[in-house]
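Note that the chains are named A, B, C, D and E in the order they appear, and that numbering of residues resets to 1 at the start of each chain.
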Amino acid sequence: MTDLLTSPYPALLVGLPVLLATLSLFFRTRGKALVGLLGCLLTAGLAIVAFIEVAQHGTVIHILGGWEPPLGIMLRMDSLAAVFIGMTAVVGVFISLYAWQYFRADESGPGEFPLFWPLWLFLWAGLNGLFLSNDLFNLFVTIEVIGICAVALAVLSGKTTAMFAGLRYLLAAITGSMAYLFGVALIYGSTGTLDLGLLGQVLEPGTTTTFALLVITFGLMVKMAGFPFHFWLPPAHSAALAPVSALLSALVVKGAFYILLRLWMEVFGVSITYAAGQLIGLAGAIAVIWGSWQAFMQTSLKLIVAHSSVAQLGYLLMIFPLLILAPGVTADSADWLSPAWTAGIFQVIAHAFAKASFFLSAGLIIMALGHDRIESLRDLVGNMRITAMAIGLAGVSLIGLPPSGGFMAKWMLLKGIFLSGQWWWAPVVLAGSLLTAGYVFMLLRLAFAPAREMGTFKPVPKSLEIVALILALGSFLIVFPADYMIQFLESTGVFGSGIESIVEGGAYGND
Amino acid sequence: MDIIFIIVVVFLLLNIALGLFRVWRGPTVADRLLTTQLFGTTGMAILLVLAGYLKDLNLLNVAITFNVLAILLVIGLVQVWKKKKGESP
Amino acid sequence: METYQIYSLTSAVLFVIGLGGVFISRHFIKKIIATIIMGGGVFLSFVSFAERDALTFADPVPHALVITGIVVAVASAAFALALARRIYQLTGEESFTKDK
Amino acid sequence: MSVLIDIILAILAIYLAFQSLLAKRLTQTVFIFFAFGLALALAWVRLGAIDVAITEAAIAAGFMGVLFLDALRDFSPRTSNNQEKTEAAKDIFSKKNTKSLLLPRVALVLGLVLFLLISLEAIWNIPDGGGLTVSVETMLPESGVEHPVTAVLLNFRAYDTWLEIGVILLGLLAIFATGGIKLYLKPDVPAQDILLRQVILFFTPILFLFGAFLLYIGKSGPGGAFQAGVLWAAIGILLHLGGKPVFSMIPRWLGQLLLTLGLGFFLLLGFILMAGGATLFEYPPAYAGVLILIVETLAAISIAAALTAIFANLNQMQEKPNDIESTT
Amino acid sequence: MMIKEVITVILLVVGCFFFLAGTLGVLRFPDLFSRLHALTKADNLGLGFIAAAMALHIGSPWAALKIFSIWFFTLLASSTSCYLIARFQKEKDQPTDRKEVE
């Protein structure tokens, strides 16, 4: 524990946004937005500095209160956390800039929502806290912070549909976190510690551990809208304001995925079987097909994008079966682990950029048209060239065409699938891509189609379009530092590790 | 002595279980409130007896907390009642 | 059968009742109450393990966690209540209908 | 022998939980839920968790109780016309879907029963982890307080507690976000009720003193900031109900200061000590006791303010039923 | 010592008796006002006797003060609520078997 560098950044990453959010409460409408935007820039700057610190010194920790685990709580920023925090910062700062302009755009804009800023800063603090946390119970508190913020942001638009969707989302979120907490209670009861690092060492396989894993996975699946529990996501994401939709689907759902990944890889290795991995993979596969198909069937732009989130989250779940090794296979001989991890991380980042750009563009289209039914998208290219370009680029990344980040993720996923011999996942990846191509090209076809009547598009601020475009470009640009990023991830943390199933633990491997 | 305390607590708990019947039956809001009131009082008695049985005076603080906040519920009920009165024809 | 065992078993039952309630109940208020009951079950299991691990005093860490948890649960329940009431105010609906 | 108490209490709690969800009328649900809170508080007492019992009594029974009662005003059918409409809608819904809903429900119930059996087995066979009692006991002298739970809450795991104070503030912000609320609105009905006024006059000092007592005793026994905060919040709620909404009587900045004081001071103190080379929320042992008491007091004030504001907002939600245009 | 215990037990038994009487009254009495009457018995007397028994058993003046205040507050809350319930019922002045707040 003492060989890792202690750094103040982890504490600041949580503290600073909360402090600024608290400060912004003292101001009225415009002041709140100004303080909020400044706060976002400051937090993003801090995140970048912290990222550099990790890049230079490796994992840094911050032992809160000076009490070492298991008694106290430790914040730990390893390379995986640093990448997630960096992603949050980059995507977050663009969404903040967009939101600043978007809420100020007069007549055609949706009006001012001063509460957006403190809530978004709290959400950011919660996300940072989640990525940094190394304690099961603290993770619960951070997911509750995130959950409340996310729902509050989702209902900010004040529309009735948003209220219904928000309540559904909130009830799902509470249920999920209570299930998670039940698992935590069992883990604490059977080990007497909450620290992830210590738990990884002391946790014994057994009924209790398996059951705890089950309820924790259930809770987190509900929170990340994994397949059977995805019902709340499309209405909630599509009814929110544009910047909020972008935040929710780019960042919030990734939080629960991050915990799931961390817990499966670092803590519950002892009671995870090959079959469990296949089951999660199956849920992911169904989500990919189902979500893409549903997206294909929708007629409003935001619903398409929201359903597409369900599918894209399915890809994330599909890396789990690859990370869990069949009995008899050791982690050293499994050469598909690194591609699988790369696929997961790049899917997270590429999806964050592409989906944020997609939702922001959808917001612009609503601003221009007053609604988002796709049949009115005709001649989008002629009227809103930059937005059309952003949608096109983001769509290409979602489909996974080269040279986008999405391509990298899907390519690596396929590589991992074939190297591991689990060929049955490959058709799912391809079918998902085809369906995605279906709805993206449907949108693009409409966008290029000649207009039937003229002048339905109201002008929208150029700066907003550019922000959306930058985010879409971001999903391509992330490919360039890929080598560096993989190297960085491999330097510390769990990246590249796999779970070796214990044969006598009841694994049902089929090879 | 302890055995007597236990018997008293068990007796009071059974008493609550008996009173549940009235909440179930109603028929009016007032009846349900009244039974909740009875629960509260019985609960206070149980807390007092447990305080003697466990020899822990901090239990009295629990009882006082319940008590002083019971007034909130009473006044909250007045609000419900005001609303109802306002709408009756 | 020890005291803590009775309550830890009770906790599982309460959790399941709450879980079922969230899914099956129709009315918003009942759904919210079901989440609170679920939370009650979870907290009960924490505290029952604390009683099991008691030495000179019961394990204080679960107690602290439960206090934190109750407050967090109450904050989210209050928010859910606000949403439910707002929905009622806007639409007069008291439960989720099929299409919303 | 004393196990008999536990068994009856456990059965009672389960029965009440069941009934509160099965009850046909909403008032029934809410009142049975109060009784459930009481049963749970007795269970905490039986498990030796006095702090939790006080919190349950204060927050779950008192605060949530009054919130739910207040919500009852809302969910009663407002007009007969409206009622008929919803009844009719429900009728159609139930007729159409009875059959299609039956099978999933049976499956759900079976799944839940299976889940229950597995969870009972998992809990029955739980290995004895030993907990953290020993570490707390060794570190207690350095924490600055004598009561172990307070030591864990405000020193060993101060970070969680800080986030939790944030969550309460966040709950308030989230309620603002639902819209349709004007915080500084005066309620229409002032308390003409003499009885109500007398009750408020009598209970305000008692609530204040008892809250302060719980706050102070938190150093050495069960009690502390949260419990005290709720008791003080009860003052605000009583005043609000009596026609004197606290937040409309004080200037805006003061209200905001009260709401953010706990969270802000907790964090600023941490940052100041961090600048001196400590980690966040690390207190020098010599001053830990005093610092914790200050932090607790401010936290209690903030919690009281936030809970009062939460209640005030929810309470006023109903006052303007016609103000339904959305913010867009 | 013996006498103190005996008195404690007697007080407890009397308190329990009043509680039982109160519950049975709430269960069996035909109308709301007589149920109110029964409840008041349980509140005032049942809790009073048990409080007295416990004050005697614990035997510290500080605790006795707290116990007394518990009794007093319960009395206050219950009499306030009973008064309100009665007034509520009286002003409504109509049988409300079906048409209650739902």
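Simple rule for what comes next: contacts are C-beta pairs under 8 Å (C-beta built on N, C-alpha and C of every residue); 3 or more make two chains touch, one makes a residue touch a chain.
A quick note: this is a predicted structure, and the numbers were derived from the prediction, not measured.
Visitor: Count the smallest number of chain-to-chain hops linking subunit C with subunit E, moving only between touching chains.
Guide: Counted as steps through touching chains, the separation is 2.
Visitor: Tell me, which chains sit next to both subunit B and subunit C?
Guide: Expected: D.
Visitor: Just how many steps, at minimum, does a route from subunit A to subunit B need if it may pass only between touching chains?
Guide: 2
Visitor: Would you mind checking which chain's C-alpha centre is most distant from the centre of subunit C?
Guide: E
Visitor: Where is the C-beta contact count highest, in terms of which two chains?
Guide: C-D
Visitor: Relative to subunit A, which chain's C-alpha centre is the most remote?
Guide: Greatest centre separation from subunit A goes to chain E.
Visitor: Taking each chain's centre as the mean of its CA atoms, how far is subunit A from subunit D in angstrom?
Guide: Averaging C-alpha atoms per chain gives centres 30 Å apart.
Visitor: Can you check how far apart subunit C and subunit D are, centre to centre, with Cα atoms defining each centre and the answer in Å?
Guide: 11
Visitor: Using CA atom averages as chain centres, what separation in Å is found between subunit D and subunit E?
Guide: Subunit D and subunit E have C-alpha centres separated by 27 Å.
Visitor: Taking each residue of subunit A in turn, which ones touch at least two of the other chains?
Guide: Touching at least two other chains: 71, 137, 141, 144, 148, 151-152, 155, 160, 163, 166, 186, 188-189, 192.
Visitor: If you look at subunit B, which of its residues touch at least two other chains?
Guide: Within subunit B, residues 26, 29, 33, 35, 40, 61, 64, 68, 70-71, 74, 77-78, 80, 84 contact more than one other chain.
Visitor: Could you check subunit E for residues that touch two or more other chains and list them?
Guide: Where subunit E meets two or more other chains at a single residue, that happens at 73, 76, 80, 84, 100-101.
Visitor: Taking all chains into account, which pairs touch?
Guide: Contact pairs between chains: A-C, A-D, B-D, B-E, C-D, D-E.
Visitor: Which residues of subunit B touch subunit E in their complex?
Guide: Touch residues, subunit B against subunit E: 1, 4-5, 8, 11-12, 15, 18-19, 21-22, 26-31, 33-35, 37-38, 40-42, 44-45, 48-49, 51-52, 55, 57, 60-61, 63-64, 67-68, 70-71, 74, 77-78, 80-81, 84-85, 88.
Visitor: Mind pulling up the subunit C residues that touch subunit D in the complex?
Guide: 1-21, 23-25, 27-30, 33-34, 36-37, 40, 43-45, 47-68, 70-72, 74-79, 81-86, 88-90, 92-94, 97-98
Visitor: Contact residues on subunit D for subunit A in the complex?
Guide: Against subunit A, subunit D makes touches at 118-119, 121-123, 125-132, 135-136, 139, 155-160, 163-164, 166-167, 169-171, 173-174, 176-180, 253, 256, 259-260, 263-264, 267-268, 270-271, 274, 278-283, 326-328.
Visitor: Going by the contact rule at the top, pick out the subunit D residues touching subunit B in the complex.
Guide: 1-2, 4-5, 8-9, 12, 15-16, 19, 25, 27-28, 31-32, 34-35, 38, 41-42, 45-46, 50, 53-54, 57-58, 61-63, 65-66, 69-70, 72-73, 76, 78-79, 189, 193, 196, 199, 203, 206-207, 210, 214, 217, 221-223, 227, 230-231, 234, 237-238, 241, 315, 318
Visitor: For the complex, which residues does subunit E have touching subunit B?
Guide: Residues 5, 8-9, 12, 15-16, 19-20, 22-24, 26-27, 32, 35-36, 39, 42-43, 46-47, 50-51, 53-54, 57-58, 60, 62-63, 66-67, 69-70, 73-74, 76-78, 80-82, 84-85, 88-89, 91-92, 96-97, 100-101.
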